[in-house]
Amino acid sequence: MSQLTHLDDQGHAHMVDVSEKAVTTREARACASIKMKPETLQMIVSGSHRKGDVMAVARIAGIQAAKRTSDLIPLCHPLMLSKVSVELEPDVEASLIRINTLCRLAGQTGVEMEALTAASVAALTLYDMCKAVDKGMQITDIRLLEKKGGKSGHWLAEDES
Amino acid sequence: MSQLTHLDDQGHAHMVDVSEKAVTTREARACASIKMKPETLQMIVSGSHRKGDVMAVARIAGIQAAKRTSDLIPLCHPLMLSKVSVELEPDVEASLIRINTLCRLAGQTGVEMEALTAASVAALTLYDMCKAVDKGMQITDIRLLEKKGGKSGHWLAEDES
Amino acid sequence: MSQLTHLDDQGHAHMVDVSEKAVTTREARACASIKMKPETLQMIVSGSHRKGDVMAVARIAGIQAAKRTSDLIPLCHPLMLSKVSVELEPDVEASLIRINTLCRLAGQTGVEMEALTAASVAALTLYDMCKAVDKGMQITDIRLLEKKGGKSGHWLAEDES
Amino acid sequence: MSQLTHLDDQGHAHMVDVSEKAVTTREARACASIKMKPETLQMIVSGSHRKGDVMAVARIAGIQAAKRTSDLIPLCHPLMLSKVSVELEPDVEASLIRINTLCRLAGQTGVEMEALTAASVAALTLYDMCKAVDKGMQITDIRLLEKKGGKSGHWLAEDES
Amino acid sequence: MSQLTHLDDQGHAHMVDVSEKAVTTREARACASIKMKPETLQMIVSGSHRKGDVMAVARIAGIQAAKRTSDLIPLCHPLMLSKVSVELEPDVEASLIRINTLCRLAGQTGVEMEALTAASVAALTLYDMCKAVDKGMQITDIRLLEKKGGKSGHWLAEDES
Amino acid sequence: MSQLTHLDDQGHAHMVDVSEKAVTTREARACASIKMKPETLQMIVSGSHRKGDVMAVARIAGIQAAKRTSDLIPLCHPLMLSKVSVELEPDVEASLIRINTLCRLAGQTGVEMEALTAASVAALTLYDMCKAVDKGMQITDIRLLEKKGGKSGHWLAEDES
């Protein structure tokens, strides 16, 4: 039967032993969305200069957060990401910005948490930059899209297959 | 007309000047939810020992993340939180755990981002602890519930009023 | 004759070159104790809820501190821990809580400092949580119990053999 | 009856509300000792150059750790230290180095944890610098010596009065 | 006669006591320059998209570094910046990018180090982004331009007056 | 034609994929200089005690900064340095202190940024320690001296060959 691996026999939190796991290329893709008022989205996407910096700040915040994941999530292993990308795509019709992240490394643990953390922090950064005009924004749909590598193999979210 | 205050006249990101703002007591409440399979939720809520540590790890991760907000969100001001709480409430019917956070300080800037960051990281930590059994969990509904203090005054989410 | 390896020929601090060292599995166990009044210990160990969170907070603080060792101890090498555990054991007779830590990795340097840092910070966290009722608590007996792997081989504290 | 203030009514960890506490000058003194072989101590205290850097590294590590206390100890409040000092005193007769720390600030919370953390990390840094020659060193007697300021007033360790 | 205030009577490093200093508005401006090949500069300034992100990444890195100054510079006091700006200005004739920073706060210590750190890290970030095409870039002329507030009063670099 | 590798096809910042790069020994040497008044330099170099701690603090700050490079420079990869050294050499005639740094690791990315960051932060730390007596100090000549290892091979600054 499957278990909560981050707890030992007594139910105590510990950092799982991965020292016997193989070093393989591991990759994860995740996403997040931030819903906002149409006029807030309009303010971000209009004007090339403005758009540039709002999007760039969120992208960079996401990349840096991926690198700090083991510092933020108590039982995550420290690891050396070999690639991180954070893409932001405005969806005017749905009045939201969709964030897609990708993390990769050659290592002993998966990078799902890194991809999810990058997406979350990029979304929070967008909230921060627009909160003066729209406090009701909502961050939603943070989830794993795909995971490759490691013993558990390939995993794909249902709507991605 | 309102503006994106984190960008200067040329659209460049900067950290807004708050040196002239009054020092007042400021407070923010935020929330997040993480949806999971019923059997995953069951695993967390059954067994007092287990529940203790899973919930405690998420709570502490959220509290610590609130303190690191200005390090994660590029244009946030550093500040000295005087209170942080993170509450987790399982909702068996909806098959999710709801996270409620509260941040407070006497200072020159609001603490919305701190409350939202605490909620997000607590949710990510729950994902991390349960991902071995349920990769399809989804973090959703991260938003501000209430904000008090400062020049912009009291703000309440529509469904909270 | 043996030397203080962290100083160069001129007595200047430097970070020792480990680039030629073999990557092997390395492990260290350390301990710490925190002595307190009997009634303070009683307050922690009685009541399952309370005990849960006090112990959990200390455990998690210790695990996270292990990951930050190279940030805290100036001449420590950054490394990627593959396992950390922090166990707390109340000893009612001696009126103390004993902390036992274990760190492991496959790498080029030992993990003694990580195990010692985890034990120290877990003890400091217990102090923090109980200081409102007992300022005279004393942290003592922080030391290495065992070290495995690497060129210097197996080392065992005298009272452990 | 006194309580563990870091736990709420349900026994859940939280960061205590200090927003109503007065801003006063607060000060704390703490200590730690590290016992070592006589020949290890001799190696540190002989040779002015060597001594300089070993002692300086430990002093600086202690000062920096004081500034990071709220990042290390989960329920500590972030605060702005206005003074930190870390003094190291070799005691050849007892074959140990004694560390004395002092922290001060004008703020809403005490600085006991900062003084204790500085002492602990200075001791760990000495261990790190000497571990190549003496793995059996023991860090001991980490405790608060004095606390001034704040509602709870003056507190002095018994052997300090 | 003036003294190196960061050393005590015995020449030991310590964090200077500022607890008696007045809380006043303090401000500092600093600069840095990074010299590069004309074709490297051309690559950055041509193409609006590219320019946007290169400049934005450097700006954000500088702002974040200002916030981490007390973590990087061992004897700096932690403080709460109320404003940070980092401006980059390409000088095609001199084949360099000039960086101008401004930091402000109401506090007990000056913010010179924060302004200088922001300028340095923004320059390092430009180096990082362009090093694949130009390893010979040189960062130069990092210095304080102006300092206002505090007991030592107004200071202006000679060529600024 | 060569490109700014840290930008993707659309000019967006990302962390370059190094997962296919070979793990080889990589090394970088960098330098920085800080110019000051002759009497400031005199104050540092005279008196063995003083010199000891001023130089030691700068050395340690440089070493620690090298370890935090990926946290400071947004698109740098996290990596595990196997050696860092920071040497400071007063040049009385030119009235400056010259800083030389060396970083090494076995990994998939070069360590130029680590060597440059160590040099910059060591120089900033010297500025901090002497700013009470000399605000006009200037940090200059931060540049790469040599780079070994990796696909791009050996690179030597012109005046070093």
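Per-chain residue numbering starts at 1, and chain names A, B, C, D, E and F are given in the order in which the chains are listed.
We take it that a residue touches a chain if its C-beta (ideal position, glycine included) is under 8 Å from a C-beta of that chain, and two chains touch if they have at least 3 such contacts.
What you see is a predicted model, and the numbers here were worked out from it, not measured in a lab.
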| item | value |
| --- | --- |
| Least hop count linking chain B to chain D through chains in contact | 1 |
| Set of chains whose contacts include both chain F and chain A | C, E |
| Reference chain C; chain at largest CA-centroid distance | E |
| Separation of chain C from chain D, taking each centre as the mean of its C-alpha atoms, in whole Å | 16 |
| Chain B and chain C: spacing of chain centres that average the CA atoms, whole Å | 31 |
| Set of chain A residues in contact with two or more other chains | 12-13, 49, 52-53, 56-57, 59-61, 64, 68, 74-75, 79-80 |
| Contacting chain pairs - touch in the sense defined above | A-B, A-C, A-E, A-F, B-C, B-D, B-E, C-D, C-F, D-E, D-F, E-F |
| List of chain B residues in touch with chain E within their complex | 8, 12-19, 21, 70-71, 74-75, 77-80, 107-108 |
| Chain B-facing residues of chain E, complex | 25, 55-56, 59-60, 63-64, 66-68, 79-87, 104-106 |
| Complex contacts: residues of chain D adjacent to chain F | 48-49, 52-53, 56-57, 59-61, 64 |
| Residues of chain B that touch chain A when the two form their complex | 2-7, 10-13, 43-44, 47, 49-50, 52-54, 56-57, 60-61, 64-65, 68, 72-76, 112-113, 116-117, 120-121, 123-125, 127-133, 135-144, 147, 155, 157-158 |
